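Here chain A shows up in two complexes: once beside chain B, once beside chain C.
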Partner chain A sequence: MCLCGSKDNKMSKINPAFNKELEKFGSVNFNACYNCGNCTAVCSLSTEDNSFPREMVRLSALGLEDDIQASLKPWECYYCGECSTHCPQEANPGELMMSLRRYLTAKYDWTGLSGLLYKSLPVSLAAFVLTFVAVLFFANSVSYDLEKLLHFGHLFEGIAIGTIGLLILMPNVARMWYLTILKPGIKVPVSKYAKSIGELFVHMFTQKRALGCDDNQFRWFEHFILVIGYLSLLFTTVALNWFGTSSLFVVILGYVMSAIVFVVTVDFVGSRMKKKKEVSKHSQPSDIFFVVWLFFMGLSAFMVRLFIDLDILDSNKWMYIFHLTVLVQWALIIVPFGKWTHFLYRSFAMYFAKLKN
Partner chain B sequence: MKEKNIQDNANSVPLQGLGVNFPLGVRGGSPIKNITYDALVIGAGIAGGEAALNLANTGYKVLVVEKDLSVGGKMIMLSKVFPTLDCSACITTPKVSEISRHPNITIFTESEVNNIHRVSEVEFVATVRRRPRYVHVEDCTSCQLCEKACPVSVTDEYQYGLIGRKAAFIPFSICSPKAAAIDIENCTLCGACEKVCPTNCIDFTMQPEEMTLHVHTVIVATGFNMFDPKKMPRYGFGEYKNVITALQMERELAPTRPFNTILRPGDGKMPDKIAYVLCVGSRDASVGNPICSQICCMYSIKQAQLLMGALPMADVTIYYINIRSFGKGFEEFYQQAKGMGVNFVKGKIGRIKAKENGNLILRYEDINEGRLRESEHDMVVLANGVLPNDEVNNIFGKEKLKLDQFNFVGQTDMLASPARTSMEGVFVAGTATGPMDIPDSILSAGAASAEAISYLIQKTV
Partner chain C sequence: MEKKPKKIGVYICHCGGNISDYVDVEKVRQAVEGDEIVFLSKTTMFACSDANQRDMVDDIKANGLDGVVVASCSPKLHLTTFRNVSERADLNKYTYVHANIREQASWAHSDNKMGATEKAIHLVKAAIAKSHYAEALETNKIKAVKAVAVIGAGVAGIKAAISLAEKNTEVVLIERESEMGGRVAQWGPLFSTQETGREMIDRLSSQLKQHKNINLLTNSEVVENKGSVGNIALKIRRKDPETGAEVMTEITVGSVLMATGFDYYTPQQAEFGYGTSDKVITLPEFKKMIDSQTGAKLTHNGREVKNIAYIYCVGSRQTEGENTYCSRNCCTSTIHAAVTARQKFSHIQNYHFNRGLRTYGKQEILYADSLRQGDIYFQSYEDGLPVVSVEGKKTIVKVNDILTNNREIELEADLVVLVTGMVPRADNSVGSLFKLPKGRDKFYNEVHMKLRPVETVIDGITIAGACQGPKNIAESVNSALSAATKSYSIISKGEVESQPLVATIDPAKCSWCGACEEACPFDAILKVDKDGKTIAEINNTVCKGCGMCAPVCEPDAVDLIACSSAEIMSMIDALVTPNP
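Entry: the complex of A and B
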């Protein structure tokens, strides 16, 4: 473990106050760690060349932010919770890794809004209310004309994906690359970037590393189905214009995909509420928002298309306004500044790890 | 006071030379009432024994109640003691025989105190229940013919499951009283032992006895329990035969050892790469015991040194979190083990997996390197920790004996008067107060007996 953060052989200064900062991102009791290494030893993803989570606990206890920001390890953990279950000091290393992911998400984000939303529940709630008011205001300005609302909704999806991707997500991934590869001075030949690119897509669409977690096959499968369902739903609504199409195939595809999304998320929301599993014991508002909004997305999209097919949407415009609100909140809050980004950071982390190798 | 004691003890017949004083009526099975002892010592381990001896040598009449078939507690089973490497049995047995023969000490083995309640400021009434041994101890010559005749074989708990024993058996070679007992749970009542017994001391008509006794003061010396490593399935104890506990290794190393050498239980191979896993069930809040057991570091280091002697070619590795060598001579003892070539690796073992050949793969993080490692050993000893013996909790009835936050007997004034408990006239000795080693247990027993004597002088004159 390298405890010297900077390259010029200057010792890093420790910063014990850093745990106060991490607490805001949801860390619990990690300073109780007495360095037995049990967490690393029980972790089924930990290897001889890539040992965690104790290293991250140590870096966090010492407050070595440069080292933490340069590390990909938080993204390489898929949170089975074994480390926390067996921690003799109940220092919750698993939840520390989770809060480091939240912390890193905030650090990668150039706008600083992620950090603000993670750390403050009132700000998050205000953002949700504000977007709701904006949707109402807009609906009012077009006199609740369904045609215009549907048209705007479809247009919004396309514009939001393009803008958020270009202005927020791409720069943030670039910042992640800077912090983990460039700044620590890791030399990677250009050809390696091209050769390793497969890693990025494999992990983006399969999350296959999660299969390495003990007793995790079902959780991986659920998550995998959800990702496929979510991406297909996105594709069906944006590219195939599900709400406007007359193709029976597209209509059925949309129904299936939206149903998958809200049915699978029921289990995710349920376990977050029950707090039985180690993974969901310390859920933060951002985790709850993510699964609940995903559930709303699937359900409201399903209902809107159902109302269209039953020809009752015109008399029940509230349903579409509800869907539009969820969509706008999803696209403007959760995707760019919330938990959605783990989709990118996890897969890029696997890509960057391959580059570092 | 002395005269009073003799009077009180009038209906007890001291059967000196046979080791035990037998109150009248035991053979007849009728309950004994209104015998008064100065002190009741609960538990006849090294602490209880020491406290009883101190009281008895001062002239007080002492009743010792031991739930096991033999006195001597855990210490009598050990190999050697740290840090002097003296033979444990050689220290315990003379003490045990002194306790057994002392005219002022009455011992009830296979007996438990069910209830103690205060009847006056200086008097308690104790109800003691004695389980039938089915052998009249005073007649048994420990000839072992019953053992040979008995057709039933079961696991020997006195050898911690390493070997078997019969249902008619002598607990262990240096037990006291040295007499047979019948394990009625496993006995088939075939009567073979009765037929061969030359003194007719086996008696299947024995009944449990309940005795009501008066005592002036009580010393709680109920000792400790060992953590059950089956509660940590990731170490595979109970599943992998070559993973044993420290007490099992004690038996393998003891002079009265079952195999007469060191063998691994899986296949009887002499091990040559032995691992010690420290802090199994101690300093571990995830299994409910967050405190240090205080003895495991040192007994592991002791066993490692003994193993180096017994198996000169063997590698011994101790995996630790911190080595706590805090007592007199302990650090030197630790350094001596290092000098002898014992490997010390900093890192708690996370998981143990078995290979087909019975060898074990230990997974841990080498803390000094910050790297995950896996290492292969052919035998693993789990240094399991000390847990409270909470059977003493409820015997005091309404006037509850206060326990500390870890369920050991609470010391109301730990610094000034370490043997004092929440109840006046009730004192505590040895590991009943918390984990400690043998010298500390004996010191603690000394403190308890001194407090008890001072109490008796002040209150009963």
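Entry: the complex of A and C
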């Protein structure tokens, strides 16, 4: 059986030092693995033809980076944590898969910023402070004029979505395609790209593969509601100009969607903090930032619209400045270089897997 | 031979229905009741039941029977039971004769009841024929010298000697080298205490010296062995280390405890690059290397060593070769050495090319540690062993790793360590002196792997440590203490009993041709002069009654007690005479 689509029989160069690199992405003790395969046996998503996570643990221990970069398996795992629970060596295979997703996110990113932010908390904090200072600086430059601030905020959303998408996210998805399809030499007829495209959208909006995880229905449902809420809120603010509209329907829609976002994220933040479940035991700063900022996004958007409706926003400009800061940090840090990208990579991974098949 | 007619009792057992469902036991009884020596015959539901045993004792005493035959199950189950019944009725236990009509008749021929009954009749008649000859026999008792010779003063020998000395036994500890300690004394830190082998041996030797009843003979070898259990005379050659002069001493002991240890396997020329690449060494060499070097870096031939490849099972678990056994201790020993090297020297990376790891028991902790420290393990089966090749100045190890989907892995090693296992001592002179049997692995063999693990078929000789097969220190000491206890139990009563079922020589017929001596596997035949004639004589304490000597004796001078030619012939006659 050929491994992860490697096209030739070239000898593999072993690099045990790779575990030091992966540790920076959050891996814990995966070297302890003695290849019993319990993890693969208990995994409800692993199949005979497409088995993990033991194989990924092995590739990581040997430091076979080309194989890891060519693999889509890290994205095909939805981290129920059963593998880590059943590991007799406490080698945390589930967290290894998570770390590989962080590592791959960094590898796909052509700017190299993802890797920098994942590996260094000080750099991440500096980025958050810097963006905050920039927002304050801008607000000061327009003399805290609410009209101008709101106008800029709306404009920023549109421009950010376009620019980040075009300059960062699309090239990165292209790099993912290069590493997983083109570089390993997998031939896919053009017609197949068209025929399989449905896979991409189905997984992007439903994450239906996660339903295959054991006892995961509630977590899947929460996640599904959050994705729908987040996308609807995005649409309401950007396309329907929630903060500027006078349509009662749009106003109410915005309230409902923003409420969904911050209410559902409370549970996500809570479990990350409690660290009771296997999936949140080894949370990295990037995981925390993602859910906390999502919570702030929903809450601050809700409050801004509430302040507008109560007509107190002009006397409480700080609320909008807070919202704008969260928005800028979300759009410039978390979306292009943080955990947000899993939204893209997971769905593209399912699409590419269909192509490879 | 003229014999006065006997009076015996015959009991035919139903065994519930195990026998009587297929064999007509009443018909069997009727068929034998008319025999001239059969005084009484009975059938019984369970011959072995307490009630029947009591009845048998009463029958014997009331009727003054000379012997008993029970036809029931295999003698393996109840021969001793009915011998004991005879003894309780004041008969000699060797007057009892057993017939097996369950395994050999009812069970074997459950498809043919008539035939089974016919066969059972024959078997009982044969037993009665044998009963004609069954005589009272007495066990032989000989005086036992209360001293034990322990051969080999490695860790097993030392522990055995101390254990025997604590039981107030005289011990002669015989060591070929100039110092005691054997292999263990040469080893550095041991798993899991980190005490060095040297320190452990020093501790033991100071304990040993406190025992006045241990006589340590170094530079000494056993060169001659005479006598048998209880009374073994050994001739010992002792070399003076300074003058080189040899002194012979003789000792007499009751038992000998062998603890002669093992040799390391030496790889063949070019086996995994041994001898063709100067970077290929064996595990014992590697252990010496890491124990002796003190710098921050590990060096070999002046070059720094970073990447070390360990190739497991070299000389063990061979598919082509004699050493098919697993050498047990090498997996743990290798991982321990690798972990030690990683901790002691900088930049060490260990790569283990194994065939499945056997770090059993607590040793598993060491394996887990080594994994956590980042040691890499590759695995292959015997049909895909790693290949070591020399390319210019590089030494390359390749393997198809089954843990990575059989991917071919290539590695440039600064040092290749061949994990060589234990093999039997090349010099087996002391073993052949005692005619110690060897197993298929060429190590000394025990009587029974599980139930008699330290005794040999040579009475009075016990084995301990790695001379019996690969063992680690803990296992060697275990077997040493066990062998010490066994040796002690042989001599502790001051006399040794031997069973009377032995061979006999008719001096009138024997004219010494030596054929029986050659055939005897136990050295029980002595060449003696008697009344001006050279004949064979049986050493009753050594003879096991195996009968190997009987068929090779041309003048038919050899007979076996309780299995004499006349007895066997009469049984055959009974078996082949058709039933009326």
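What to note about this one:
The rule is simple: the second predicted complex is superposed on the first by the 348 of 357 C-alpha atoms of A that agree within 3 Å, B and C clash if a C-alpha of one lies under 4 Å from a C-alpha of the other, contacts with A are read in each partner's own complex, and residues count from 1 in each chain.
One rule holds for everything that comes next: a contact is a pair of C-beta atoms (placed from the backbone, for glycine too) under 8 Å apart; a residue touches a chain by one contact, two chains touch by 3 or more.
Keep in mind it's a predicted model, so treat the numbers as computed, not measured.
When both complexes are overlaid on chain A, the residue A:Cys213 reaches neither chain B nor chain C. In the superposition on chain A, contact of A:Cys87 is made with chain B only, not with chain C.
Shared-chain residue A:Val335: touches no atom of chain B or chain C.
In the superposed pair of complexes, A:Lys13 makes contact with chain C only, with no contact to chain B.
In the overlay built on the shared chain, the residue A:Leu62 is in contact with chain C alone; chain B does not reach it. Of the two partner chains, chain B is the only one touched by A:Cys36; chain C is not.
By the touch criterion defined above, A:Ala139 reaches neither chain B nor chain C. When both complexes are overlaid on chain A, the residue A:Ser46 reaches chain B alone and has no touch with chain C. Shared interface residues of chain A, touching chain B in one complex and chain C in the other, are 1, 34-35, 55, 89.
Across the complex, chain C meets chain A through its residues 349, 351, 367-368, 371-374, 376-377, 379, 398, 403-411. Against chain C, in their complex, chain A makes its touches with residues 1-3, 9, 11-14, 16, 19, 29, 31-35, 55, 58-59, 61-62, 64, 89. Residues of chain B that touch chain A in their complex: 234, 279, 283-286, 290, 321-322, 347-351, 363-367, 370-374. By the touch rule above, chain A contacts chain B in their complex via residues 1, 34-43, 46-49, 51, 54-55, 85-90.
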